[in-house]
Amino acid sequence: MKVSRKVQKILANYEGETPGVKGKLCQMLMHGRLGGTGKMIILPVDQGFEHGPARSFAPNPAGYDPHYHYQLAIDAGLNAYAAPLGMLEAGADTFAGAIPTILKLNSANSLMSGTAGKNQAVTGSVDDALRLGCSAIGFTIYPGSDMALDMFEEIVELRREAASVGIPTVIWSYPRGEAISKDGETAIDIAAYAAQIAALLGAHIIKIKLSTDHLELPEAKKVFEDQGIDVASQAARVAECMRSSFDGRRIVVFSGGAKKGEEGIYDDARAIRDGGGNGSIIGRNSFQRERSEALALFDKLVNIYKGNE
Amino acid sequence: MKVSRKVQKILANYEGETPGVKGKLCQMLMHGRLGGTGKMIILPVDQGFEHGPARSFAPNPAGYDPHYHYQLAIDAGLNAYAAPLGMLEAGADTFAGAIPTILKLNSANSLMSGTAGKNQAVTGSVDDALRLGCSAIGFTIYPGSDMALDMFEEIVELRREAASVGIPTVIWSYPRGEAISKDGETAIDIAAYAAQIAALLGAHIIKIKLSTDHLELPEAKKVFEDQGIDVASQAARVAECMRSSFDGRRIVVFSGGAKKGEEGIYDDARAIRDGGGNGSIIGRNSFQRERSEALALFDKLVNIYKGNE
Amino acid sequence: MKVSRKVQKILANYEGETPGVKGKLCQMLMHGRLGGTGKMIILPVDQGFEHGPARSFAPNPAGYDPHYHYQLAIDAGLNAYAAPLGMLEAGADTFAGAIPTILKLNSANSLMSGTAGKNQAVTGSVDDALRLGCSAIGFTIYPGSDMALDMFEEIVELRREAASVGIPTVIWSYPRGEAISKDGETAIDIAAYAAQIAALLGAHIIKIKLSTDHLELPEAKKVFEDQGIDVASQAARVAECMRSSFDGRRIVVFSGGAKKGEEGIYDDARAIRDGGGNGSIIGRNSFQRERSEALALFDKLVNIYKGNE
Amino acid sequence: MKVSRKVQKILANYEGETPGVKGKLCQMLMHGRLGGTGKMIILPVDQGFEHGPARSFAPNPAGYDPHYHYQLAIDAGLNAYAAPLGMLEAGADTFAGAIPTILKLNSANSLMSGTAGKNQAVTGSVDDALRLGCSAIGFTIYPGSDMALDMFEEIVELRREAASVGIPTVIWSYPRGEAISKDGETAIDIAAYAAQIAALLGAHIIKIKLSTDHLELPEAKKVFEDQGIDVASQAARVAECMRSSFDGRRIVVFSGGAKKGEEGIYDDARAIRDGGGNGSIIGRNSFQRERSEALALFDKLVNIYKGNE
Amino acid sequence: MKVSRKVQKILANYEGETPGVKGKLCQMLMHGRLGGTGKMIILPVDQGFEHGPARSFAPNPAGYDPHYHYQLAIDAGLNAYAAPLGMLEAGADTFAGAIPTILKLNSANSLMSGTAGKNQAVTGSVDDALRLGCSAIGFTIYPGSDMALDMFEEIVELRREAASVGIPTVIWSYPRGEAISKDGETAIDIAAYAAQIAALLGAHIIKIKLSTDHLELPEAKKVFEDQGIDVASQAARVAECMRSSFDGRRIVVFSGGAKKGEEGIYDDARAIRDGGGNGSIIGRNSFQRERSEALALFDKLVNIYKGNE
């Protein structure tokens, strides 16, 4: 495989990393229809854990079967498929080698109350990722939660272990918890801060949410206004998040959130592209649609990231 | 031993598993009067821990003796016998090799107050299971408890260790705790969610309770109603739980609960069978009856699962 | 040494155990004046930890010296002497090999407040027991305490380690804590439950308190009454505790409690004997008496257990 | 390299240390424009973690790029550059060997509430420091916080591990928390106490804040007044902190705090020099200025520490 | 070196101990001007941690320098010098072999609030003690604190590790915390109980405070009065503490507390001697005096313990 110049340039940013980690990053960046462009689309399916099976799969019951999602990601020509242990194992023989997989190592659920609900259970390990031939591990942190320090320490340990066996780390950096308002969870200052924390913790790929122009922290708000940081457009906000990810030295993908209209999804992708982001991670907006619709949606997104639309 | 086609098909769902784990699953599926049918009946005796000896065994005092339960499971031609460490050890020489055993690794008791009562003590280990020649380990999780994340992390570790030495894992997924109402503990949306969580955690066999048509979580209720998921009959609810167990790719057995009338037990078994479930796990409803009655009851259940009644 | 039939029969109940563990159980059962009868008397001296030195030893100041207790147990012809680390070490050279010893691995003290007082500190290890040539380890659990699950998990780990090097485990199962009333601590339903838990945790020897005819738990009370379980006499209550110890498959010794009159002690022993119990564990009632009185008391107890009085 | 007499004298204070640790201390003391003088200037960049990216880097956006800070420290001829894992890794290839680096092993953030905010997450390890070729590890403790004992125990473990592989330890000793008022955080009695604790914990280099003449603890205040300890000038306060660092046997550097006027910075440096301190650790006051201004500022500081201004 | 009969007799009490541990006990007992008498004077300097540097050292500023205390202990002909990690390291080369040292493994500080203040941080290890050539480790427990069980478990682990490499353990048993009144901290019943706990935990040398005739615990008070235990004089109280230390089978040294008049110190030493105690551990009362005064004070104490005054 000839690695494209764009991908070579991205890989060069991962200074000090082993060829093993760089190799698996390369594998994901070169895979699928966006292979070699430096852009990525990832299918994540951990909603069965987080929201329960009916809320996740009843709208398109084919999704109750773990095989469905493997096949969708393959047929859509995506870069990678991310899921918790049980989901990946359920297709481990059938789809071995067919698409890069990301083992999501921790998971939340909707059956927790109080503080317990501000954390996630670690349900997979680096050994599982090795055994299942995964291209990366994934882990969610909640900056703003009282559990955040523990989560930071967990992922730092797991990242170290994973890197030592040649596996890169994707950090889902999702602000929430005691220190942040509901609006603050998607505020641009918080989103950029979340990206920065993930980068400092050693994430190879950072996953954050698209943000609003709300500014949550008074001291940050003052600086954003004093320095005239542009947060008016989604593309501008993506750009601020890229700056906050070591000035673009880290791959950042953005998530789509709850199911919504197609045009909204396409606009998001254009903003990500125009702001210098590396791509999308899209779950419910794809697998809750009929398979044909989902494939059409992914096709359109690929074209947007290729700059054709 | 010639493995039946039905069992071969079930085993094929355990993708990525070692021959050791598949071999022990096969052993349980091929053992006893239901051997080869893909159906299972398991005798669990951990009530001495959970409810105390008198409440468990005084109705049929022969049950004070651990040997009684081994013999009952053998004579009834069941697939396996499940119990905590002390119970299995007390017959470890006498019944070695006579019936597959499941070492229950954690146990609750009725002498706990407050939050402490929402957890279980880990009282056995994978090494104990190996030493005692067990065919599986068993572990209870309480989705909905504030202790749930810890319990998830415990079983994930134990499952990994067990699988690495060729021992499969049975997860008792029993919703309870701060986040769930009393009715919610047996609600169909919760039962299906509990099955999904066990599957995602890597359970090879899932044990859940039969459910009611109650819908506990507002967001789930909305989806059940919008998508018209059938929850009217017990068989329909069993079917939804099977879908939620990777579309039937995992073995699911259902528990009978407190002692009740025989007809109720038979109706339950027919619903499990008709909804595509894999069988029953029946404790108090068998060992609290006279031995002859218990054997007659198991005989009838076997016939139901064979499709004869 | 020729092992008596009674002892051989007891040892056969420890199915699956190694010759090492059985050998040390045999050593204690064959030692002293009750050697070979299947009955045991044990001297425990951990009151210096639990109540302080003056309350424990001032009534008979010879007891301040750890050597005193070794010599008392030897001269009385008891089966074993049980004490915490410091006490055993203080005579480790002088009395090496003279009497089986039980290293008490955890200890409470009277200087704790609140929840902290519902737990014990682990002050010895299996390695200490090996180094000091002990015949068993001892450990207290508090069923009913909010710390109980932790204590269960501690002893299960220690038992596993001890058994792996050929050392049996004695569990002091003493109900107390948030979930139990003061009367409940000696209720017969609770005592039998405590014995059952110890057996399930893998105790080789169970130590419980003699009980009253109080019934603490409503659900248990109902069963005791419905099934007509006899709790009127102490012997009947001992018998229920033996049934709850795997129908007598485990050795159970009963403790005497605070210092009391001699006739009460003898009546207790007769009830233990007549109810099928294995013997007494007597501390303050012996070492707080003058040495000659204590020796006379032990002599009488030996005769009772031999069936002579 | 010929080691200066001043540096040799400092190194001799590190009694019992291995040549590995002394070697790396020597490397930092001999590096840059202050090399050999016994004085040090260190650039720390962990504000992206602590305050977020915009507050830290927007005033001088070049600082979003981790390479900027490496280059700044090199071009200014500083002794060392200190940063968290992600920051150091992002330039690990480009700047390998160009300047001594200090891996900051724990980090706070501004997204924590309540008690959780009185602690830091451990985000790096000694293995990381070895892998990245660092000259020291850095760790923050919060004397006065209810988390302080845990932090002390963490750094003691890390220091032991680091020293065993030849890496010295820098302790940031920053008083804050439940036991101290806001004024107390910079009180001279507290600052000296913080230095003493760091020294007792085994710090090779101590980093504290410059203090005020406030006296926080009543019993300390009494002694300061009774003994007539001079706290009127900043230089006198620096001298008391040096005495509290084993009478000057440990290297102590002082931090500059929030961005302020240049004259204030120069006055601080003169006080540190005149009080016998070893130097400055200056972050925001340098990297939030334009690069040319920052270089001029460092040049002036070098001259002050050389005694030229 | 010829070991005196007195010391041989003391060493014989440490039954079951290795020659390594006995050897280091012997080294301390044979060192200094009291060498061979069975009596000991130890200089402890951990007040910089506990009270801060100014409160500890400003009254005699020479004490800011760790070398001062080594030299003082040597010149006074004491048995040993005890201090935390940093203090010992700071003179580790200069004073190697010159005086037996005790590495104090845990330390309190005056900057803690609430429950956190009832504990100490573990700041040294057995490996440190080995590396620094120490003759013993030291550890403080707080019987009566809600943290006491944790502290007991910590020292038991450390003692086991230390003994396994031939290093004896000194336990500072200082009652304080939720379960004890201020007066109770020095009550005779509590002091004797504290000594007993230290002995049971395996202390080779016990350090307690001199006590008052207050009786704290009602049940203990009753026994003291009923049994007529003499607590009227300090010597009588020392004797009760010795009885509670395995009837004198353990070495017990008594601490002097806050700085006070010289006559009081001498009276204390005479009471320790007359009550059968093994000696004094004196910190602030020595190093806060001018060096010449301190040496005179130690000279007098040596003479008292030799029975000359």
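Worth a mention:
Every chain is named by a letter (A, B, C, D and E) in the order it is written, and numbering of its residues begins at 1.
Rule of thumb we're sticking to: a residue touches a chain if its C-beta (ideal position, glycine included) is under 8 Å from a C-beta of that chain, and two chains touch if they have at least 3 such contacts.
Values in this document were obtained by computation on a predicted structure and should not be read as measured data.
Without chain B, the contact network of the other chains remains one piece.
Chains that touch both chain B and chain D: A.
One finds 36 Å separating the Cα centroids of chain A and chain B. Within chain E, not a single residue touches two or more of the remaining chains.
Here the chains make one closed ring, and walking it from chain B through chain C gives B, C, E, D, A.
Remark: chain E residues 48-49, 51-55, 57-59, 61, 64-66, 84-87, 89-94, 107, 109-117, 119-125, 127-128, 131-132 touch chain D in the complex.
Of all the residues in chain D, the ones that touch chain E in their complex are 13, 15-17, 143-144, 146-150, 152-153, 156, 160, 175, 177-180, 189-190, 192-193, 195-197, 199-203, 217, 219-220, 223-224, 227, 229, 240, 243-244, 246-247, 249.
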